[in-house]
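The structures come next, written out as structure tokens.
There are two complexes below, and they share chain A, which is joined by chain B in the first and by chain C in the second.
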Partner chain A sequence: MVRKKLIIGAVAIVLLLGSLYVLQRLLMPKYVSGIVEGSLIGEYYKEDRKDFDVVFLGDCEVYENFSPVKLWEKYGITSYIRGSAQQLIWQSYYLLEETLKYEKPKVVVFNVLAMQYNEPQKEEYNRMTLDGMELSAIKLKSIQASMMKSEHLVDYLAPLLRFHSRWDQLSEDDFTNLFGKEKLFHNGYYMRVDVKPAGRVPRAPRLPDYRFGSNAYSYLDRLTELCKENGIKLVLVKAPTIYPHWYDEWDTQMEQYAAAHDLTYINFLKHMDDAGIDLQTDTYDAGLHLNVYGAEKLATYFGAFLADTYRLQDHRTDETWSGIWQKKIDFYDRMKQDQLDELAKYGYLKRYKVET
Partner chain B sequence: MLFTSYGFILFLVALFVVYYIIPRKYQWALLLGASYLFYALSGLQFLAYIVATTVCVYYAGRRIGDLVQTESAYLRENKQELAKPQINEYKSKMKARKRIPMLLALFVALGILAFVKYIDFAIANINLIARAFGSEGGISFWTIAVPLGISFYTFKSAAYLIDVYRGKFPPERNLFKFALFVSFFPEVIQGPISRFDQLGKTLYGYHPFDGRNVKFGLQRIAWGFFKKLVIADQLMVAVRTIIDDPDHYNGSFVLVGMLLYAFQLLADFSGGIDITIGIAQVLGVTVQENFRRPYFAKSITDYWRRWHISMGAWFRDYVFFPMSVSKPMLALSKFSRRRFGNAIGKRAPVYLATLTTWFATGIWHGSSWNFIAWGLANGVIILISQELEPFYDWFHGKFNVKHTFGFRSFQVVRTLLLMSSIRLFDCYMDVPLTFKMFGSMFTTFNYQVLFDGSLLHLGISFSHYVLILSSLTVVGIVSLLQRSGSVREKIEAQPIGIRYSLYGMLILSILVFGAYGVGYDAKQFIYNQF
Partner chain C sequence: MKKTMIGLIALLLVLSGCGSKTTEEGSTSPSALTQTEGAAASPAASTPASETPEQASGDGFVFEANGIAIPMHAEAAPILKQLGKPQSYFESQACAFPGLNKIYQYSSFDVYAYEKDGVDYIASVILFDDTVATKEGVTLFNKKSDVIKAYGDKFTNNLNLYVYDQGKSQLRFVIENDQVTSIEYLAKI
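Entry: the complex of A and B
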């Protein structure tokens, strides 16, 4: 009798937990159309081989501005972008910590725009970065560092508690992507083929204090230390996009930091001509982010520096890598053509639900 | 700490575990510690108020108890020697002596309540009168934060003291046990206003783990969460939209808001009480019911026997009855009979006691004229109903419809509409605005908004309306089933598959359809403010 009760109880609990799991999968945003950036972080875990030469860290200024496929095609450099929308510096730091569980890249490239944020900013962006991470102690630390006052740790551990209210907003995407999502990115690169020339950008407002915050600096220190401990070269970059504004005062601080810590810092805003970037043709949103043409030019330019400076091996002769990358190139070319076709047909990227 | 917060759930889980691990003789002490911790989390400074009330009422109770003992001993010892007049004289003297500590403690406890809750209301009215006489400036407001549940624990304490004075039960001799009665955390937020002789029976006893009790308690908690999160907090969005913009949402919108608020309040308050009773049940403590299907009431008097039962009983036992039989009332009755005849003489004390009781009920709910008007409206309707009794008798003598389903339904709907109408005082900013909005239901002819999709722009979507309606139907069915006994018992008698499916559906409904988490405001229970 007792045994029967125990079995029934166990079955009931399993069924309840199973239902909760399925409901959680169903109700969590899928980020497969419209705002797709929430899928960036999660795609990393699906990579069969993760021993990349270069890992990029940062926000949209990395995942929209550097093309890993071009780095491969031109220099045989294997790279991956671990970036997400408004990814804060502590999130980048913990992502690197997590990445080191899988691989030890030779170079880590960190985009320094995130230094402007000294504290958590927005729950929506937090979710896009953190929900994509696999559960681990590192993820918990990243959550703790990122939470807004109104957020709770339990909402991250059980996202159903956060996203339950989507029950009346479910779309076909939620059902078709219930247990797996289609691949959307190219080693963390978010492709856009459309063009919107840069015009006048809003005037940069004066800031009361141009110094980066102590919290941001402490994580930059930790990032530097982590790279040093693991024999990884850390390169600080500022992507060549003209908005949000990158102040001279900020640039000076990064130059000083790099000099003090024996790091390389490249402000690509100062190398746009050398890279051949033209913001009349190489941006899809008037200078905020590069389109695929700009990203390829930047990768070509930066790749030469990476290959020369850090003597990165050209893996194009490696059969395993070549096989893997050929599939990536095919997918990259297919998406590029698909987007071009859509652009020609509709005037905007319809499948990506991005209206111009 | 909100009942519906993660922190509270964690607090409960930890308490339940520790409660059944520790030796049973310490269970009540753990509850006291938990209650004070819970209270302190609402603001450390508020502890001073509850401690002051507790200590004061406790010592007054003890003093009264000592006098009762002295009186009994004296009468026992001198039974043979004392004549009846002497006994009466002695009793009268002792009664006067017992009255002193009672009045002093009531003065302190009710004084604290009056001070923190009504001082600014008094100042506002003084300023208003002063301005009417041309005075400029005015007294500054004190803006004192009202301690959590002060109305509830003060009334509990007052009832205890009066009952001890009346000799209903001896006083509690242990200060800490009495402190637990006053501060018992499940009740402190929104009642019920338990009586010492009822709650005390199980509060201090030993409670071995009883699986069935714990299971039923947890079910009751879940049911409360369902009502609060799936119905009340979803409805709140639409109700707030309507009442926050009276210029735009008038006429038929007021009718909609009035009905939605009626169901929001029911789900909110009765849901909170379900959680309270459920928590107590898990702990092995019996808390009295506070609702008995109030929206099935057939008259206002019937309604008040079903809604917030403990509050109604409190005002009946400690305001209405004592006032009705008080010497001034008897004198008033006598005077009125002599001066205005029997009909008025008979009614005058009842009217005065009724209106005073409802005035007190109104102001207990909140320090504003809205609540006073609401209370008096209840009193006036009850008196009108009483006056109409002969007409009802005549009607039922003439038409044999009293026991028909149609007439009973009419009575239920009429009572619901009446109660919902006067509850508009609870919604709008002031009394004139409430009257204006009530009037707009009959003067603004915008009935088309009920059908043209306007109701879908109140902050809740069509799916939410379907959800709320379905949930209310479930609540209605449960209410109907309750008439023939406990629904939990009925579920318990079902095959295991049905039982577990029902539990699972309840849990999943709360988790998926509940209004909680980021994106929702942390919502206090409506009755917290009283």
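Entry: the complex of A and C
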């Protein structure tokens, strides 16, 4: 009798926990259309082979501006972008710590726009980086470093607590992607084929203080140290996008930091002509981000530097890698053509629910 | 066992009922001076549902240009119509969020607008030269004492930034070497 009760109790608990798990999966945002950027971080774990030569870290200035497929096609460089929307520098740091559990890249590229943020900014952005991470002590540290005052750790550990009120916003996407999502990105690169030429950007307002904050610097120090400890070359970059403003005062600080720590810092805003980037044709949102044509040009230009400076091996003769990357190229080309077809047919990217 | 299960279910229901709303309230303001990104950080995202932006515009700071009042959180269209064609217009979408930041550049000031439910509201006004002044007469290049004379000493200060709060708005001065180098009106969350 007691045994029977125990079994019934155990089954009931399993059913209850299982139901809560399914409910949580149902209610969590899926980020598969419209705001797809919330799916960026999670795609990394699905990679079969993670020993990449180059890992990019940072915000939209990495995941929209560098094409890993082009780096492969031109130089045989294997790369992955661990970027996410408004990724803050402590999130980049912890993502690198986590990445090192899987691989030890030869080069890490960090986009320095995030230095402007010295403290947590917005829960919605936190979620897009943190919810995609697999559960680990590193994720917990990243959550602790990222939370706004109004946020709670438990809401990240049990997202059902946070998203239970989404039930009236559920869409078909929530059901069709309940236990898995289709692949949306190209080694962390977010493709856009549309074009919106850059015009005149707003005047740069004067800032009360141009110095980057101590917290941001502290994590840049830790990033630098982590790379050194692991024999990884750290390259600081500023992507060639013209808004938000990248102040000269900020640029000088990064130059000085790089010089003091024996790092390379490349402000691509100063190399746009060399890279052949034309913001009349190579951006999809008037200069905030590059489109695929700009991202391919930037990858071509940067790839030559990476290959030469760090003597990165050309893996194109490696059969295993070639097989893996051919599939990536096929997916990349298919998406590019699909987007071009949609653009021709509708005038905007319908599948992505992006009106231009 | 039954009691344990009921207790467990009750606990989970209570816990799930404790989740906070997706919209965050009382967070920091989206100053153009900090280039906070877009709609996700706009006042629209955090204006309490019970209060419309128009209601929020009632008791805040008001910038005036050529006799045209520009209150923070006010509906932008009628104001922009009165201001006439801007020298340039720029719009940007926040990374990963819908909605646009719209920036209208006039000769001496820029007007920033945010979008809520398809309607644009005034988010910020930044003054760029001393041909325009605040309603209380402060211009760029005035001294700190001029600011205090006009607005009093009830400000919050962080480094060179001096902030006055009024209703759902802020008036923010950057003062360097005893000289006003930036003036911004800001719609506060």
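Methods note: the second predicted complex is superposed on the first by the 356 of 356 C-alpha atoms of A that agree within 3 Å, B and C clash if a C-alpha of one lies under 4 Å from a C-alpha of the other, contacts with A are read in each partner's own complex, and residues count from 1 in each chain.
Following the convention adopted for this analysis, contacts are C-beta pairs under 8 Å (C-beta built on N, C-alpha and C of every residue); 3 or more make two chains touch, one makes a residue touch a chain.
Since the model is a prediction, treat every value here as computed from it, not as a measurement.
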{"item": "First (chain B), second (chain C), both or neither touched by A:G34", "value": "second"}
{"item": "Residues of chain A touched, compared between chain B and chain C (which is higher)", "value": "C"}
{"item": "Which superposed partner A:E123 touches (first chain B, second chain C, both, neither)", "value": "both"}
{"item": "First, second, both or neither for A:W167, with chain B first and chain C second", "value": "first"}
{"item": "Which of chain B and chain C A:P208 touches, first, second, both or neither", "value": "second"}
{"item": "Partner chain in contact with A:P244 - chain B first, chain C second, else both or neither", "value": "second"}
{"item": "Contacts of A:L15 with chain B and chain C, given as first, second, both or neither", "value": "first"}
{"item": "Touched partner set for A:D155, first chain B, second chain C, both or neither", "value": "both"}
{"item": "Doubly contacted chain A residues - partners chain C and chain B", "value": "8, 12, 16, 20, 123, 150, 152, 155, 160-162, 164-165"}
{"item": "Chain A to chain B touching residues, read off their complex", "value": "8, 12, 15-16, 19-20, 23, 27, 123, 150-152, 154-155, 160-162, 164-165, 167-168"}
{"item": "Chain C-facing residues of chain A, complex", "value": "5-6, 8-9, 12-13, 16, 20, 34-38, 59-60, 85-86, 116, 121-125, 128, 148, 150, 152, 155, 158, 160-166, 199-203, 205-209, 243-245, 285-286, 288"}
{"item": "Chain A-facing residues of chain B, complex", "value": "6, 461, 463-464, 496, 500, 503-504, 507-508, 511-520"}
{"item": "Chain A contact footprint on chain C (complex, rising order)", "value": "1, 4-5, 8-9, 12, 15-22, 24-27, 32-37, 40-41, 88, 90-93, 95-98, 103, 105, 110, 126, 128, 158-161, 174, 181-182, 184"}
